[in-house]
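Before anything else, here is the set of structures, which you'll find just below.
Shared between the two complexes below is chain A, which pairs with chain B and chain C, respectively.
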Partner chain A sequence: MAQKKAAERTSRPGAPHLLWRRDGDRCLVTNDSGHYAWLGLRDFEALMSGGLSDKHPLYGDLAAKGFVRDRLDFEGLAARWRSANSHLASGPGLHILVLTLRCNHKCLYCQSAAAGVGARDTDMSPATARKCVDFAFGSPNPNITIEFQGGEPLLNWDALTAAVLHARARAARAGKDLQLALVSNFSLMTVEKARFLMENEVSICTSLDGPADLHNRNRVYSGGDSHAATVKWLRYFQEKYKRQVPEYRTFKPSALLTVSRCSLGRHKEIVDEYVKLGLEDVFVRPLAPIGYARKYWDRIGYTAADFAKFYLDSLDYILKLNRSGVVIREKMSATMLEKVLNFRDPGYLDARCPCGAAIGQIAYNYNGDLYTCDEGRMVGWDGDDAFRIGNVRKDSYRKVLTGGAARACVLASNLESQPDCARCVYRPYCGVCPVYNYETQGSLWGDMAVNDRCALFKGTFGALFGLLKKPANEAVLRKWVQK
Partner chain B sequence: MTKNSDKASVRVDAAVYSGEALRLAAFVFAGRAGIAVKAAGAGFYAVSFSGAAESFSPGDYFNEALNQQCRLDLAKKNAKAAGMIATRALLSAAGEGKTPKKRA
Partner chain C sequence: MRVSLADCALETVRYAAHAASRSARVFIRLDGPGTAVVELEPTGGCTAAGAAAAFRAELADERLRASLWEANRELRDFMLLKALAGEPEKAPARQDDSGLTPEQEKELDALIAQVEAEIKQEAAAGGAADPLGITKTWEDKYGAKKSRRKN
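Coming up: the complex of A and B.
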């Protein structure tokens, strides 16, 4: 059969679907396959009108990245999109078990809704902990991460050990890859507990808010010096990491920074503290006005502009340290760069599309109640169960994952249906948080034009793309995400 | 706009705001003001506000109504792609897709 003759063009083809933003005399363009390019205004206009000559020095690069309509490699571009979005076919991989609401700290910003040390009725029973593990293994995801949180999870050692042992046994039976993680303030850590955790390959993460005075001001501990306990056990686990034993893998400990109002202006001291303690990542993340923190926002919170300044000052200082040979990364930047430079999913569920609520993570409260995410659980603590998706004892896995809250979060966080986001140049790398929107703007969709989280993300991406234009910075930033 | 004591009413053009967008925006402000949306003749809606909290501004309400209108318009335009992504994510999470691969 004769091949059908291609229709003749009556006009020049314009650019294929792309996203763009003008920045001075340059334009940043991105596309769904995660490619980006900087163009001068004249080149940008030529590209958009289809007038970019194939002799233009940028033509080959732009064509390879999918910005030239007549040179699209559909299969290659689609494969790249599929690979970066493989989480759409995975199911929940992160399972956060809140072993107790009790805590021996009274942190100024506590977002995890801690109860007093005596409130044993907020402990998860070992039986419920095992039930939660069973529920987690109902996920089709072959890679299961179980994170133990609180309150202070070491206050409920029985449930922790029950969950760890049960999870290891379930993983061996199911042939799934299992990662266990503990988030603890270390104040109740002992050598015996540390040994159990290492033998069962539980990775350790703690909170470190900076030098002693700042840390102890944020993280009030009537039982002693919170900073001293943190430093002591960080060093202990680092030592164990260096002296690996053949029986099990010991993980390098990590720390999380929470930026409160007290932290503003102290970025150098905070970063220096991380470097001094041998930590290679500092995660400069903003406090979210969710749950408990929302109530005290006027005392502990700050504006998006205040945080943006703190963030950029920190990043600037970290880059300066890197250029002088110090090994330290800013984790938020590294996460975003993994998307921008490698177009790989770094597993950061807050910046996925759709977000990780229910489809990527599930939070298990002490009583077996299930929430779309830990932020959703905090809203529940505040008396609003909008993000509760079931209970491990009463509801089947399928019922939970097909319930109203899970579906609503997926739909609301799909950037294809978000005004502003759908046309935003950073869309291929970004994600929205329905819980944040709900708490700050009254709806799951929010209004990105006046959304502080959106402003922060845009500011972060803007800063990173700006830094990538400078060769000295680009070399450092690329190193952060080299595999 | 008409006003009496704690009540105010605004007549808006249905060519700009759909009834659905006006009602969705009313839900967002449910805790801050009583908002009622009624048809007011051909091509218009009457939006009335009552018992508003001090922090409430009708301007914020109409901004939200425009936001909802943009969202509804966009949802129509991108329904196919958005629907495929959401369906894939939900079905896979519920265990009804292909078995995903282990991490490398």
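Coming up: the complex of A and C.
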């Protein structure tokens, strides 16, 4: 039987919903399902007007990615969107316990505005720590991460051990996957403490700002040499990681870099220090003018343009090292690339839509007060409780998650409702931070046209998409997110 | 700068103004029902001509975005609703490693049941006797294999 002839098209179908940015004689297009393509301006215009012939060499690729309106695979595109956004239905997975506000360091940029070592009234009690763990396990998320922070969390060892043991017991009963993480400056680490942490499979993260002079200038420690302590214990945990024992998993230690004004221009030395210590990730993070850092911004801060230059110089150097066989990734790029190349959520809560405030993470202050995130807690410590969402002893999980601050953050960080973001080519991969907006622009919504964080994110995405156009760079960058 | 509202909606002018506010303060007022007047006051190092060119480029893009949005609103809503209403991702079902299809499994179960029933019948009919020792293992009948190694 003769096949029925397809109906003749009476009008051009035009383009489906897509986002774009012009870049010289090329145009970057993206869509809700996270696909992207580079087009010449003539091809872009043809696509937009529905005049792109199905014989065009790019047609098949564009159609497969959902850029051709009458070739949309709704099932496939919807499944891709659903998969990348599956966290929306899972509840908070990251629970940050601030075990104490005390710290033996006085870092130039310390956002947590640490209290002095004697201020024991800012210690979390073991009972409150266990209560926080119980609250965390109230989340429906099957994967719970509890991160211990401070101040310096090793100053409150009793609460740390209480929380670790209680969490392990709760996880065994609940059948949930539990990850425990400690962020410490290592100055109070001992072999006994290290053994307890390893036996309970607590992963370890520290701060490393670069070579000794830079690190010690940023991270002032009256009790000795902060850099020496950091390096000593990093090496210890590296060795333990290499010599795994059958009883438990030992994790590779990691480090966080905070870029202050003193760091600018020293990207090579900083990256070399990370490589020398066997660290495979360097997270080039900008300093946020939040809480304490905001007050001293004129001394320690920098412009978005200054940071962008530092970031791009660092990335360029890291790529050079990669091409010569050195294993090192820039973490922010790797996180963004996970979204761009794999359209998977890398768990970076600051770049989700809506952001992770309350619905992805909760910060637990030493006294049991709950905040949308650690940045929100820092604003609280500075005297403004706009981001406080409850107290672990007084409020139910439901009340906390449906409270005003949590809702406001969800609404304000929905990119669909942000006038600039809704139209931005990077929207499928990006996220805004209501706390940053509140602190720097006086509103949860912010004004993205003149927002420094937005400029930094745009700069990062712009650099990454630019690098992906060159095959030699693309090969390295794809390797960073291969699984 | 005068913009005819017959060519684009006031909302489109507003979005373009928002985008152009990176390099200029933008003021919009209506001059009668059909015209918007846009005034640009450059900030930073931008010139007046530069700010006007930036606004015109943003306005052209914004008009394209508005028409694209209108034409695709229903399609996009459909796709996102489909994504939101779809089954959440489940862990893949544990794979059976027997390599049998469900039909083959059923046949096998039936065969096993049949054999078991026959064995029961034989046992009930005195079939437990085994004069040839065929139910014995090799080792029961002939003993375990001896090592050839010399100690």
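Just so we're on the same page, the second predicted complex is superposed on the first by the 473 of 483 C-alpha atoms of A that agree within 3 Å, B and C clash if a C-alpha of one lies under 4 Å from a C-alpha of the other, contacts with A are read in each partner's own complex, and residues count from 1 in each chain.
The rule we apply is simple: contacts are C-beta pairs under 8 Å (C-beta built on N, C-alpha and C of every residue); 3 or more make two chains touch, one makes a residue touch a chain.
In this text, all values refer to a predicted model and were calculated from it rather than measured experimentally.
Enquirer: So, A:449: does it touch chain B (first), chain C (second), both, or neither?
Expert: both
Enquirer: Regarding the shared-chain residue A:398, is it in contact with chain B (first), chain C (second), both, or neither?
Expert: It touches chain B, and chain C stays clear.
Enquirer: Counting only touches as set out at the top, which of chain B and chain C does A:89 meet: first, second, both, neither?
Expert: After superposing on A, A:89 lies in contact with both chain B and chain C.
Enquirer: On the superposed three-chain arrangement, identify whether chain B or chain C touches more chain A residues.
Expert: Of the two chains, more chain A residues are contacted by B.
Enquirer: For A:210, is the partner it touches chain B (first), chain C (second), both, or none of the two (neither)?
Expert: In the superposition, A:210 touches no partner, neither chain B nor chain C.
Enquirer: In the overlay, answer first, second, both or neither for which of chain B and chain C A:407 touches.
Expert: First partner only.
Enquirer: Touching A:81, do we find chain B (first), chain C (second), both, or neither?
Expert: In the superposed model, A:81 contacts chain C only, not chain B.
Enquirer: Please work out whether A:16 is in contact with chain B alone, chain C alone, both, or neither, and reply first, second, both or neither.
Expert: A:16: touches chain C, not chain B.
Enquirer: Between chain B (first) and chain C (second), which, if any, makes contact with A:289: first, second, both or neither?
Expert: neither
Enquirer: Touching A:376 in the superposition: chain B (first), chain C (second), both, neither?
Expert: neither
Enquirer: After overlaying the two complexes on chain A, where does the chain B footprint on chain A coincide with the chain C footprint?
Expert: The overlap between the chain B and chain C interfaces on chain A comprises residues 86, 89, 419, 447, 449-450.
Enquirer: Looking at the complex, which residues from chain B come into contact with chain A?
Expert: Per the stated touch rule, the residues are 24, 27-31, 63-64, 67-68, 70-71, 74-75, 78, 81-82, 85-86, 88-90, 92-95, 97-103.
Enquirer: Taking the touch rule as given, give the residues of chain A at its contact with chain C in the complex, in rising order.
Expert: Chain A residues touching chain C: 14-18, 22, 32, 48, 69, 72, 74-75, 77-79, 81-83, 85-86, 89, 419-420, 423, 447, 449-450.
Enquirer: Give every residue of chain C touching chain A within the complex, in rising order.
Expert: These residues of chain C touch chain A: 15, 18-19, 21-22, 61-62, 64-65, 68-69, 71-72, 75-76, 78-80, 82-84, 86, 88-89.
Enquirer: Across the complex, what residues on chain A touch chain B?
Expert: Listed in rising order, the residues are 86, 88-92, 138-143, 176-177, 353-354, 358-360, 397-398, 401-402, 406-407, 410-411, 414, 416-419, 422, 441-443, 445, 447, 449-450.
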